Each structure stands twice: as C-alpha cells, then as structure tokens.
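Paired with subunit B in one complex and with subunit C in the other, subunit A is shared by the two complexes that follow.
And now, the complex of A and B:
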C-alpha cells in the first residue's frame, strides 16, 4: 500500500534543481511585457491621464487606460471573478493601487520606465479609511453571489437564554487584515490566435477560471485554454481571477502579441486580496458546571466599495458546540480598500480567535480547566442538522494532544510559571472546519509498458496532491508510485476540483480512485475474456491488482502483468474514467474536520515579546494519505497562523486607507528563527462516509484555533487578556 | 577564493567596488538614474538616452557567458530572461524574501537588488549548478528526503542559501541554522523541515 506512506514528493527532483516550471518560467516567443500602474489615491476619479511621454518611450507598444481600452464582452460572475467591477471600465477609484493604466513594451524594464512617465490628474474625494471609521454603517450583505453563507443563523432564543444564564462572558475581539503573501507573485501570460486564447495563469484552478475569462472576452469556453501546473503558494489569493488576469488578454489583443503581466510584490498586497479585518462580539452564557446555555457571535468585516464580501467569522459557530440557544450574524461595511478574498482558513480562523478566547475567559471565570469546559460541551451530533458526524475524533484529539503536551502539569493560576525573567504560559483552543466537496473528474490510463498516467486538471500548490493522488492510483492498480505519472494543470484535461477549500484529497482524490478502479475493471474484463490469459474464465470478482498486474485473490501464483496482457491484445492504453459527485446537502452524515491546539509561550518580563516555544496540535481528518506531506502542510498552517497571532497586520493608513506595509520588509511573516518546536498528531479513522477514499481536507483545519491558543497562553503567562490581534509587545506593557 | 568566502559580512567590499564600476559606467553614458525619475521629466527627456544595452561576460554554473543587457537589468532578470535559467525566483524584487539567492564566488547574494552589468568576470552559481550531473548535491538530497518545501517557489533560494551557509559554517548549531536561514522566507512555512534538511546535510547524512 502506498497510501499513508511517508514517500517523497513526486515533483521533488524538479523543485530542488530549479527545473520546476511556474507560470513566470513559461517562455513564449515574441512576448511583450505589461506593467500595471496603480492609483496613488484611494477614493475619487481620474480627471485626466497623460500618456504621451510614456507612449514615446523606447520600446513601448501601447498604453491602455479607461479612455482607450477595448470593451469587455460581459462581467463574469463573482465570487471567482475577484472584483465585480472590471478593470479600467471607468474613471472611478475605489482603493489605492487600483489599476488605472497598462503599459506594454518590448521588455519589462522599458515598461516599468514608461509607467513612471504617465502623468495622472486625480480628483480626490474623502475616503473611508478603516473598519473602525465604518463600523457604525455595518449591514447585512445582499445576496449577490459573494455572500458565501447565510448572514444570520438562529436556534432557540439566545438573548433570553443569555439573560437567564448564571455565568456570562461578553467581550469584543478584533482580528487584523492579513495578507496571503505567497512568495510567487501572480503572473498571467496570454496570447490570441484568432478567437482562440491561450493563457498561462498562476491560478489554483484552471477549470474554475477559464469560463470567467471566456465570458469577459465573449468567446466560447472551448476556445480558451488555460494552463497552470505549479503554483508558488496561493493560500486562497489565487483562487480568484483578479483584475490583472483580464488585463493580460486585453493587452495581448491590443498589441497583437503574447503579453505577460507579472504583478509587483506591492501589487500582490494591494491587488490580490487579503483576509479582511474583523470586529466580533461573543456573548456566552453558561451554568455553574460549565454547560453552555447561550451563544451569540456577531461579526463585522471590512469590504470594498466594489463588492460585499464576507469574512465569514461566525459561520462555523453554530456547528461547534452543543449550545441550545444560539445566534450568529455576519455583517460587512464599506472601506476604501481592495476587495478581500478567502485566505486560509476563511472565516473560521478569525472566528475561532473570538469564540475560543471567549471560552477560555469563561473557563477562567468558572475556575474550570479550559479543556474540560470543551469536553462538557462536545457536540456529539451536528447541532445544526442533528445528523451524526462522520468520523469525528475530537475527543481523542483532546486526549492525545493534551498528553503529548503535558497539559496536566499546568497550574491554572495566571503568572504562576516562571523561568528566570521569562513568564511561561500554557494555552489551548479548538478548531473546526466544514468539509467541502465538489464534483471532480479524472482518468487513469493503464499503458502497455506497465505504467499508469493520471489525467486531471489539478494544480499543485504545495499541498502534495501530485504525490498523494499518484499514491491513490498506484494502490488502485497495484503499481509502485514511481510507475504513475500525472498530466495536470491544463484545462484540456478532465476537470479537477479546485486546489482550494481543502478539496484535493476528498474530491479530486476520489475521482482518481474511481478512475483507477475503472481501469482495473477494464483490465480484469480483458483478462478473463482472453483465452490466452492465465486468468481466462475466472470470476472477475476473484481477480485483484498485484505488483504490476493481475492475479487471483486466492491463488497468488495465477496471474499476469498488465504489460503482457495489453501487448498480447495490442492495446496501448486502457482508460479508466472517474467522476466524483459529492452527496451534497442530503448526505446522511455531517462532514467536518476538527483540531485542537496546545501552546507554550515564553515572555520576557522586561521586553514582552511573545515567543512560541512549543506547539502541539492534533487533527481529525479521516485518513492521512501521505504522512510526510501531511505533516509538512499541518506545520505550515500552524506557523502561518502563528504569524497572525504575533506579527501580521496589514494596517490601513488612518487617513487614506492605503495599506501602510505592502512589502515583505514591513509586513512581517514568520521566518525560520521565529519557530519553536511544532508537533502534529493525526487521529486517523478512514472516513468512507465522506467519500470513497476516506480522507478529508487538511490544508485549512490545520490553521484554525492557533491564534486563540496563543492568546490563551499569553493570558496564562501574564494575566493579561489580549483581545486584539496581533499580540505585539506594546499590548503587554 | 578561500579569502572571499570567509569575508563577513559576505562580499560587502566586492559589492561596493562593483557598484562603483557600474555607477561610473552609467554616469559616463548619460545617467539612467535621472532619466527614470518621474519628477524632472522635461530635463531628463532632453538628456542623452541611456545605452540600450551593455556587454557583460560572466561565468554561470561553470560556463562562460557573454550577453548584452539593459543596464537597468538586475542580475536576477539577466539570469532568468537573458540566460534562460528558471531556478532563481523573483519573489519580491526588493531584497526581502531570498527567493533569488545565488552564489557569487561561493558567497550567497540576492540577485534581485544588484545590476547584471556589475558582474563582469564574476563566477555565479545558481541552484541549477549544484548537482553533479544526475547526482544531486547533498543539500538537494536532504531537501528531498526531509520534504523541505511545499510549493517549492522559495526552494531554489533556500537550497543555494543553505549551500552558502555550510560554506561559511560547516558545523552550524540548530539555532545558527534558524538564524542564518532567516533571510529566506517560506510562506508555506516548511521551516522545521528546512532546518532538518540543513542539519542532516551538515552532518553528511544525506
């Protein structure tokens, strides 16, 4: 069995030698380079734009603005079109950095130089700079396709139950705007041949994004071919088509040549979304014994003037604990900022900070162990639908992680543990994520040289799908993983589920499993019907895949290799089709992934910088497909969120609303030296209710609950409750 | 050779002398610096246009290469665009991420914040030049073995940086590895595995 094994990534050799090809590495002859000019103001209009000097600069092929742009055929649907307003459609400016001109030249240097020669005359209006400035205007977003989940949920009468509860916690929590900050800046290379468009795009899904481009340019979808095999980090920002994706084909049409747009690092921050800042209130009511009676979770996030996009912070809340009376609401409010976008883990990460901090406050007030409080409120069934959970191992996660961490050594008294000048704190928090699945297709070809080829449009973003899906096909056909190759990242291939929302394992993985089973069935049918096969006449149900061929289940000696079977029958390839359709709403079981985090912080008394020296997490995700890549992904999700807990903050300028730190020099993400010991436990239970494979997603659940775990540890160390992220030293002085 | 690699901080002197040469060259040729600034636009337009390209010869991964390149072209862009290498990556183009790390005479430098024309006669090694034919460099093998990456976009820089680090300090402690690899960001945060890979390469285990 290859599944579950800690094998090295199939693309590892390419990645360590520089041979791996990302979108920016694709070369097409005659490519011209486009540079995008962003607005210097955050609200107003372009009164005039003088492009004459830029147009005359050496090498310049075109300067495109709202005044001379070609029309888009239509506005493709949101949410995967990131902004509901197409770029350059008019003179209005909604946020700083919004693209106002495209400069196309022979070389990148020439385009960059010419962009500095464009003179813009702005008419400024006064911007709404921050979430705080807009808080009083919060509203429930209209249902326009961007509202991903219902904005309100109610069960029982939470207000009355809260008023009646003997113990209450009512607090406000804030999360900062976060940037995805992948190391690969987004890049799009487009060229036209008549009405055929070829587009190389750093996207997390070629099949989700191809139709958007087709609609925007008014060509049939099958005239657009979109490629992306490897993404250099996305974390959600490449799950949308941002404006630059539409500007590349537009520019290519204007100059009648291939055009590449690679956005600058600054534009990664301003032009490919962010996790919106939130202000949340959590109100908990409980009995003296810790049983939750009422829960009200209200969240407001900033959105842009272009779109209503929720940061769905309270969306998961109704599903997490067994609370009879509950009310959750999500509102948005408009700020002169770019549209936000789903970032690992949308909504749930910000929401868990508030909810799991509030639970810690409640435990403290009750004098109860915070882990015990969660045990007492464990949701044995899905509290929303009443359905049983599929493969929920949260209690086992609690036990195993607590033991590994040494939670029982914790003296509950804040400030009780010290080591020299260091205050030591232990904290914990839980996490939950609703499991999403989408239809996915794949084929698996068994070839006459005894190897197999998976074909599915999946994009590898670093989650390890190329490897795990190869393992699945290998097991399905009884081949070593090395005998499986993968054609992927091309919209001409069968449609994979997108590589976001933790859907690769469950959805595309299931399609590959079905395709491999289909190919195996075809091989078995061929063998049992072939007079020259040693398996001739056998019952197909008695034939199994084994070491590169087929054999009888009970008589291992009787069988033959795929190679012999196919060659004798003069068949080059046997194709198996896999079409995975998720069960959807009426499934018998509720699907989610679960996790728990335990954190040890050390804080110097005189310079209160929080250091996370030790973090233990346990996850319930069904079956782990590859122990090596899974562990890496989980560690990465934890570390990314430690950044949100301790340093990441995409702060708006309080006057203009412009991001103050749109650069990696100022927007600090964790570096190697920031990281202590990270320990990850998987509590496995193959979950075949979820899908044929028994696996659920990992990429997102691993990043939920960390911020609260850190904040709770900080409270334990210092007695200070920090309710606003990130937890920087100034908040502890 | 040995003296250069032991200089600390790495190659600052070499960098200064190269910038001087390049700066003088540019000034003599009409001052690209002013021509790209937006403010004194009219005056700059009247000035002599900068030369479109300048020649530079350097050794890249053991091969002598001569090219004519725009004087504004960074070493990174020259390696990627003019010489067709794909290993060094442009993560930020402002010296903040380390994805563009290459070795200059064995010492790690950020190729995005330095001009190609400054490297006349220099010896550059990119990630493509580390393996010995099909035999991976021990650091590359260690990265495969310890899964020292996810998306892989920072990996060329991480590996070249680790090779440079081990040349500076063949027996680094874990704390030193973490500190000395902190100029190479990994947003996928494969950090624990990167440390494990560098440790095992240092111990000659891979």
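And now, the complex of A and C:
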C-alpha cells in the first residue's frame, strides 16, 4: 500500500535544485514587461494623469490608464473575480495602492523607471481609514459575498436563554488584518494568437479562473488556455483572480506581444487581498455544571468600498457545540482598503479565536477544566441539521493530545507555574471546519511500459498533492509510486477541484481513485478477453492489481504484467476516467474536520515576549494519505497561525488607511527561532461516507484554534486575558 | 528605480573626487539598505560609487590600546579578541539582521542606514526627513515604533542600528576622510537629533566618507553587555535595546555607560542612568534606580508609552546579566 506511507514529495528534488518551474520562470520569446502603478491616495479620483514623459522613456511600449484602456467585454462574476470593479474602468480610487496605470516596456527595469515618471493629479476625498472608524456603520451585506455561508443564523431564542443562564461570559475580541505573505509574488504572463489567449498564472485553480478571463475578454472559454504548474505559496490569495490577472491580457492586446506582470513584494500586501480585521463579541450562557444554554456570536469585518466580502468568523459557530439556543451574525463595514480574500482558514481561524477564548473564560469562571467543559458540550450530531457526523473523532483527539501534552499536570491557577524568571502557561482550544467538496475529473493512463500517467488540472501549492494523488493512483493499479507521473496545472487537462478549501485530497483525490479503478477495469477486461493471457476467461471480479500487473486473487501465481498485456495487444495506453461528484446537500451525513490544540508558552516576567515552546495538536480528518506531507502541512498551518497569534499585523495608517507594513521586514512572520516543538497526531478512521477515498481536507482545519490556544496559555501563565490579536509584548507589560 | 551610473572606486581619492563633483553621487557598500531605498523610490542617486574595492576591511589593534575597525569590515566580524575586549560590540552585531545580511553589510553602511520609520519608507506619505518641509505623517499616524527621546515636531523617527548603540556605550570615534582632510568625530556627535532639520541625520559632509571607527581602550569596555528586545526571537529591529558597560572596583561602580537603541533618532546615551550607577554598589537596588533613571524624561507618542516601561526593564536586564 502506498497510501498512508511517509514518502517525500515527488517534486522535492526539483524544488531544492532550482529546477522546479514557477510561473515567473516561464520564458516566452518577445515578452514585454508590465509594471502596475498604484494610487498614492486611498480615496478620491484621478483628476488628471500625465503619461507623456513615461511614454518617451527608453523601452516603453505603452502606458495604459482609465483614459485610453480598451473595454472589457463584461464583468466576470465574484467572488472568484476578486474585485467586483474591473481595473482601470474609471477615475475613482477606493484604496491605497489600487492600480491606476499599467506601464509596458521591453524590460521590467524600464517599466519600473517609466512608472516613476507618470504624474498624477489627485482629487482627494476623506477616507474611512480603519475598522474602528467604520464600526458604527456595520451592516448585513446586501449581496452575500460568499454564497455558501448565510450572514445570520438563529436557533431557539438565544437572548432569552442568555438572560436566564446562571453563568455568563460576554466579551469583545479583535483580530488584526493579516497578509497571506507567500514567498511567490503573483505573476501572470499572457499572449494572444488571434482570439486565442494563452495565460500562465500563479493561480490555485486554472479551471475556476479560466472562465473569468474568458468572460472579461469576451472569448469562448475553450479559446483560453491557462497554465499553472507550481504555486510558491498562496494560502488563499491565489484562489481569486486579482486585477493584475486581467491587466496582463489587456496589455498584451495593446502592445500585440506577450506581456508579463509580476507584482512587487509591496503589492503582495495590497494587490492580492488580506484577511480582514474583525471585531467580534461572544456571549455565552451556561449552567453551573458547564452545560451551554445560550451562545451569541457577532462579528464585524472591514470590507472595501468595492465589495461586500465577509470574513465569515461566526459561520462555523452553530455547528461546533451542542447549544440549544444560538444566534450568529456576520456584518461588514466599509473602509478605504482593498477587498479582503479568503486566507487559511477563512472565517474559522478568526472565529475560533473569539469562541474558544470565551470558552476558556467560562471554564475559568466555573472553576472547571476547559477540556472538560468542551467534552460536556460535545456535539454528538450536527446541531444544525441533526444529521450524524461522518467520522467525527474529536473526543479521541482530546484524549490523545491531552495525554501526549501532559494536560493533567496543569495547575488551573493562573501564574502558578514558573521556571526561574519564566512564567509558564498551558492552554488549549478546539477547532472545526466544514468539509467542502466539488466535482473533480481526472484520467489515469496505463502505458505499455508499465507506468501510469495521471492527467488532471490540479495545481501543486506545496501541500503535497502531486505526491498523495500519485500514491492513490499507484495503489489503485498496484504500481510503485515512482512509476506514476502527473500531468497537471493545465486547463486542457480534465478539471481538478481547486487547490483551496482543502479539496485536493477529498475531491481531486477521489477522481484519481475512480480513474485508476477505471483503468484497472479496462486492463482486466482486456486480459480476461485475451486468449493469450494467463487470465483468459477468468471472472473479472477475481482479478486484482498486483506489483505492476494483474493476477488472480486466490491464485497469486496466475497473472501477467501490464507491460506484457498491453504490448501483446499493441495498445500504447489504456485510459481510465474518473469523475467525482459530491453528494451535495441531501447527503446522509454532515461533513467536517475537527481538531484540538494544546500549547505551552513561556514568558519572561521582565521582558514579556510569548514563546511557544511546545504545541500538540490532534486532528480528525478521516484517512491520512501520506504521513509525511500531512505532518508537514499541519505544522505549516500551526506555524502560520502562531504568527497571527503573536506578531502578524497589517497595520493601517490611522489617517489614510494605507497598510504601513508592506514588506517582510516590517510584517513579521515567525522565524525558525520562534518555533518550538510541534507534535501532530492524526486520529485516523477511513471515512468513506465523505467520499470513496475516505480522506477529508487537512490544509485548513490545521490552522483553526491555535490563536485561542496561545491566548488561553498566556492567561494561564500571567493571569492576563488578551482579547486582541496579535499578543505583542506591549500588551503584557 | 531611476537609471544611474556606476563606478567601482579604486581608491579613497577617486571615491571622494566623484562625490565632490557629482551632487547626485552616493556610496554603495553592502547595498543591503541602499538598494531597498532605491527600489522603493526613497533614494535616487544618479551615480553609485562602489567602495568594495577600497580595502578598509581590517581590524587593527592600536599600539597604545584600542582598536580600529575599517569601514568595510562586515557586520559578521567575529574576532575572538574583539569579543573579549568589547563584548557589547560583538553581541550587538550578532543581534542584528540575519547571517546573510551581516555577511554583506558593512560597518560604514550600518552607521548610515536609514530609519525604518514606515512613513519615511513609503513615498506616498509626507516626510520631512525624506523631503524637507513636506510635513511628517507620523505625527498623526501610527507611532508604536517611534521615538520617546529627542524627537521634534518635524520628525519622530528612530535610528535602527544595534551596532551604533554599542559604539555609543564604548565612546567610539568615527573616522572620516574628505576632500578637506580627515576628521575624528565622537559617535555621540556624529549622529544628529532631528530638530528643525531632520533631513540632516549625521555630521558627515557630502564630500566625506567613513574610513572606520575607533574603539578606545576604556576601563568599562570589558564588562559590557547588549540586550535587545524585539517582537520575535530573531531577525527584527529592536523595540528597545540597551548597551551597558560598567567598571567596578572594590565593589563600587567607578565608571559606566548606558546607551539605548530604538528610542531616538540617534543611539541615546543616558547620563542619568550612568550617574545612578557611579559610586554605588552594583546591586538590585542600584540597577533598579538606573533603569528608572534611564526612562526619566521620556516623551512617548500616542502609541508607544510601552517603550518607557521597556527602557526600564531592558536596562535592568542588561545590568543584571552583567553579574
């Protein structure tokens, strides 16, 4: 069995030797380079824009502004078109850094230089700079930004139940705006041949983004071919087509040459979204024995003047605990900032900080072990639909992680544990993520040299999909993983599920499994119908795949290799098709992934910077496809959220709203020295209710609950409850 | 970035000649700061004069005591004798940036690195330091990282260097050479507070370059220490740092230096803290008094009152760890 094995990534060698080809590495003859000029103000209009000097600068081919741009054919649909306003359509400015001109030149340096020569006359209006400034204007979005998630949910009468509850916690929690901060700045290379468009794009899904580009330029979808082999980190920011994706083909049309746009490092912070800041209130009502009676979770996030994009912080809340009376609401409010985007883990990471902190506060007030509080409120069935869960192993996660961590050694008294000048704190928190699935297609070709080729448009984002899906095909055909290759990242291939929303394993993985099974069936049919085959005349159900070929289940000696079978029949390839269709709304089971985190922090009592020295997490995600890539993925998600807990902050300038830390020097993410021991447990159980493969997504659940776990540990260490992220030293002095 | 000429200077005289002839010329050493400033449109020299060919990369021990570091010594300088004689210096260097950057960054460049004030580094904001008379966006802006000492109504930025804080505590002297000859400028005078001319950050003239720094032999240098407190464990500028050096004889502090980083437009010497130490026994009480004295007179901005308390604590920590 290849599935489950801890094998290294198939593309690892290419990545460490520099052979791996990312979008920016693609070379096309005659490529011109475009640089995007961002607005210097955050609200107002472009009154005038003088491009004459820029046009005369060396190497310049064109300067495109709202005054001379070609028209878009149509506005493609949101949310996967990131902004509902197409770039350069008019003179209006909604946020700092919004693109107001495209400068195209022979080289990138020439374009950068010419961009400095564009003179803009701005008409300034006064901006709404921050979430706080806009808080009183919060509203439920008219047009729901993420159709899957309702803005309001109610069961029972939460207000009345809260009023009647003997114990209450009512607090406000805040999360900062965050940057995805991937290593790879987004890049798009586009060229036209007549009305055929070829586009290389740093995208998390060629098949979801191709139609958007086709609509924008008014060409049939099959005239657009989109490629993306590898993504150098996305975390959600490449799950949308941001304005530069449309500006590259536009510029290519104007200069009649291939055009590349690679946004600058600074533009990564303003041009490809962020996780919006939130202000949340949580109200909990409980009995003396810790049973939750009422839960109200209200969230407001900043959004742009262009779009109503929700950070769906309270969307998961109705599903997590068995609370009879509950109200959850998500509102937005307009700020002169760019539109936010989904970032690992959309909604749930920010929401879990509030909910799981509040539970810790409740446990403290009740004098109860916070883990026990969660056990008492365990949702045995989905509290929203009443359906049974598909493979929920949360209680086992609690037990195993608590034991590994040594939770029972915790003295509940805050400030009770010390080591020299270090205050020691233990904290814990839970996490849950609704499992999403989408249709996915793949083919698996069995070839006459005894190898197999997977064809599916999946994009490898660093999570290990190329490897795990190869393992699935290998198992399906009885081949070693090394005998499987993968054609991917090309819209001419069968459509994979997007590489976001944790859908690679469950959806695309299932398509590969089905395709491999289909190829195997074709091989078996061929063999049993072939007089010259040792398997001739056998019942197809008795034939199984084994070590590069077929054999009878009960008589291992009888069989032959794929190679022999195909060559004898002069067949180069046998193709298997896989078409995965999720069950949808009427499924019998509710599907989610679950996790729990335990964190040990140490804080010097004089110079209080939080150090996370130990973190133990356990996840219930069904079947684990590759122990190594899974552990890797989980550690990455945990580290990412440790950053949000302790340091990451897209600070807005309080006057203009411009983000003032658009550089990795200022926007701090954890460095190696910040990371202690991270231990990850998977409580496995093949979950075939979810899909044929039994695997659910890991990429997102692994990043839910960490911030609260850290904040709860900080409270345990210091007695201080920090309700506003990140937990920087100034908050602990 | 603007187009520019590039010359790799063969000797100091050639570098000086270009500097004095070309108003738009700038020296480039490791380039770890200057290149970023050029890319971001903050600095736009028309002529880069590369000083990497000038030598100036020696650590030379002086016969009468003290040591001279050439301007092109890298921030990775890791000389065991230096470490023993001036621990605070080695510690400050090691606490800065990352190994890669330290391998590239030079002594001269470190002194002349620009502030990390985000309002200075983003050309969209008004900044008197970048563009004299244009205003200071930081005054109404986010001030969490700004100065608590020596700021003016024109500029509230801080000097980001760790190395310079150690130099301040060691009474170091900056050695310069210009078309009008050589100068020896004590570190404390080398850096300027913003006052009404925040665009002038040092005493260095347009037609001068730094050839090195000199550390005198001092009775307090050997017992010195650097504590840098920052937002993450490594690879971040200081929120507040302290360089301390103390000479103790017969249980009593004879002389002391306390310099602070992250709090002012220059490495900030706290004479009040030094006075609290001199003549006293180096015990917990004295150390606490020195910490308090160091924080006295601080004028925090809207978002950085926390730095005042940090000064107290960082100074205490540095002195306590001296043992």
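Quick note on the criterion: the second predicted complex is superposed on the first by the 728 of 733 C-alpha atoms of A that agree within 3 Å, B and C clash if a C-alpha of one lies under 4 Å from a C-alpha of the other, contacts with A are read in each partner's own complex, and residues count from 1 in each chain.
Note that contacts are C-beta pairs under 8 Å (C-beta built on N, C-alpha and C of every residue); 3 or more make two chains touch, one makes a residue touch a chain.
The shown structure was predicted, so the numbers you read here are calculated from the model rather than taken from an experiment.
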Touched partner set for A:96, first subunit B, second subunit C, both or neither: second
Partner chain in contact with A:113 - subunit B first, subunit C second, else both or neither: both
Contacts of A:171 with subunit B and subunit C, given as first, second, both or neither: neither
Of subunit C and subunit B, partner touching more subunit A residues: B
Which superposed partner A:399 touches (first subunit B, second subunit C, both, neither): neither
Touching partner for A:182 - first (subunit B), second (subunit C), both, neither: first
Which superposed partner A:665 touches (first subunit B, second subunit C, both, neither): both
First (subunit B), second (subunit C), both or neither touched by A:15: first
Partner chain(s) touched by A:635 [first = subunit B, second = subunit C, both, neither]: first
Which superposed partner A:24 touches (first subunit B, second subunit C, both, neither): first
Common interface residues of subunit A - those touching subunit B in one complex and subunit C in the other: 109, 113, 116, 663, 665, 670-674
Subunit A to subunit C touching residues, read off their complex: 40-41, 96, 109, 112-113, 116, 266, 606-607, 609, 611, 646-647, 651-656, 658, 660-663, 665-666, 668, 670-674, 728-730, 733
Contacting residues of subunit C [partner subunit A, same complex]: 1-3, 40-41, 116, 118-119, 121-125, 137, 140-142, 144, 229-236, 239, 306, 309-310, 313-314, 316-317
Complex contacts: residues of subunit B adjacent to subunit A: 35-38, 41, 45, 49, 52, 70, 72-73, 77, 80-81, 84-97, 99, 126-128, 130-131, 136, 140, 143-145, 147, 149-156, 159, 177-179, 181-195
In the complex, subunit A residues that touch subunit B: 8-9, 11-22, 24-25, 27, 53, 58, 107-110, 113, 116-117, 119, 180-185, 230-235, 262, 264-265, 460-464, 628-629, 631-633, 635-640, 663-665, 669-675, 678
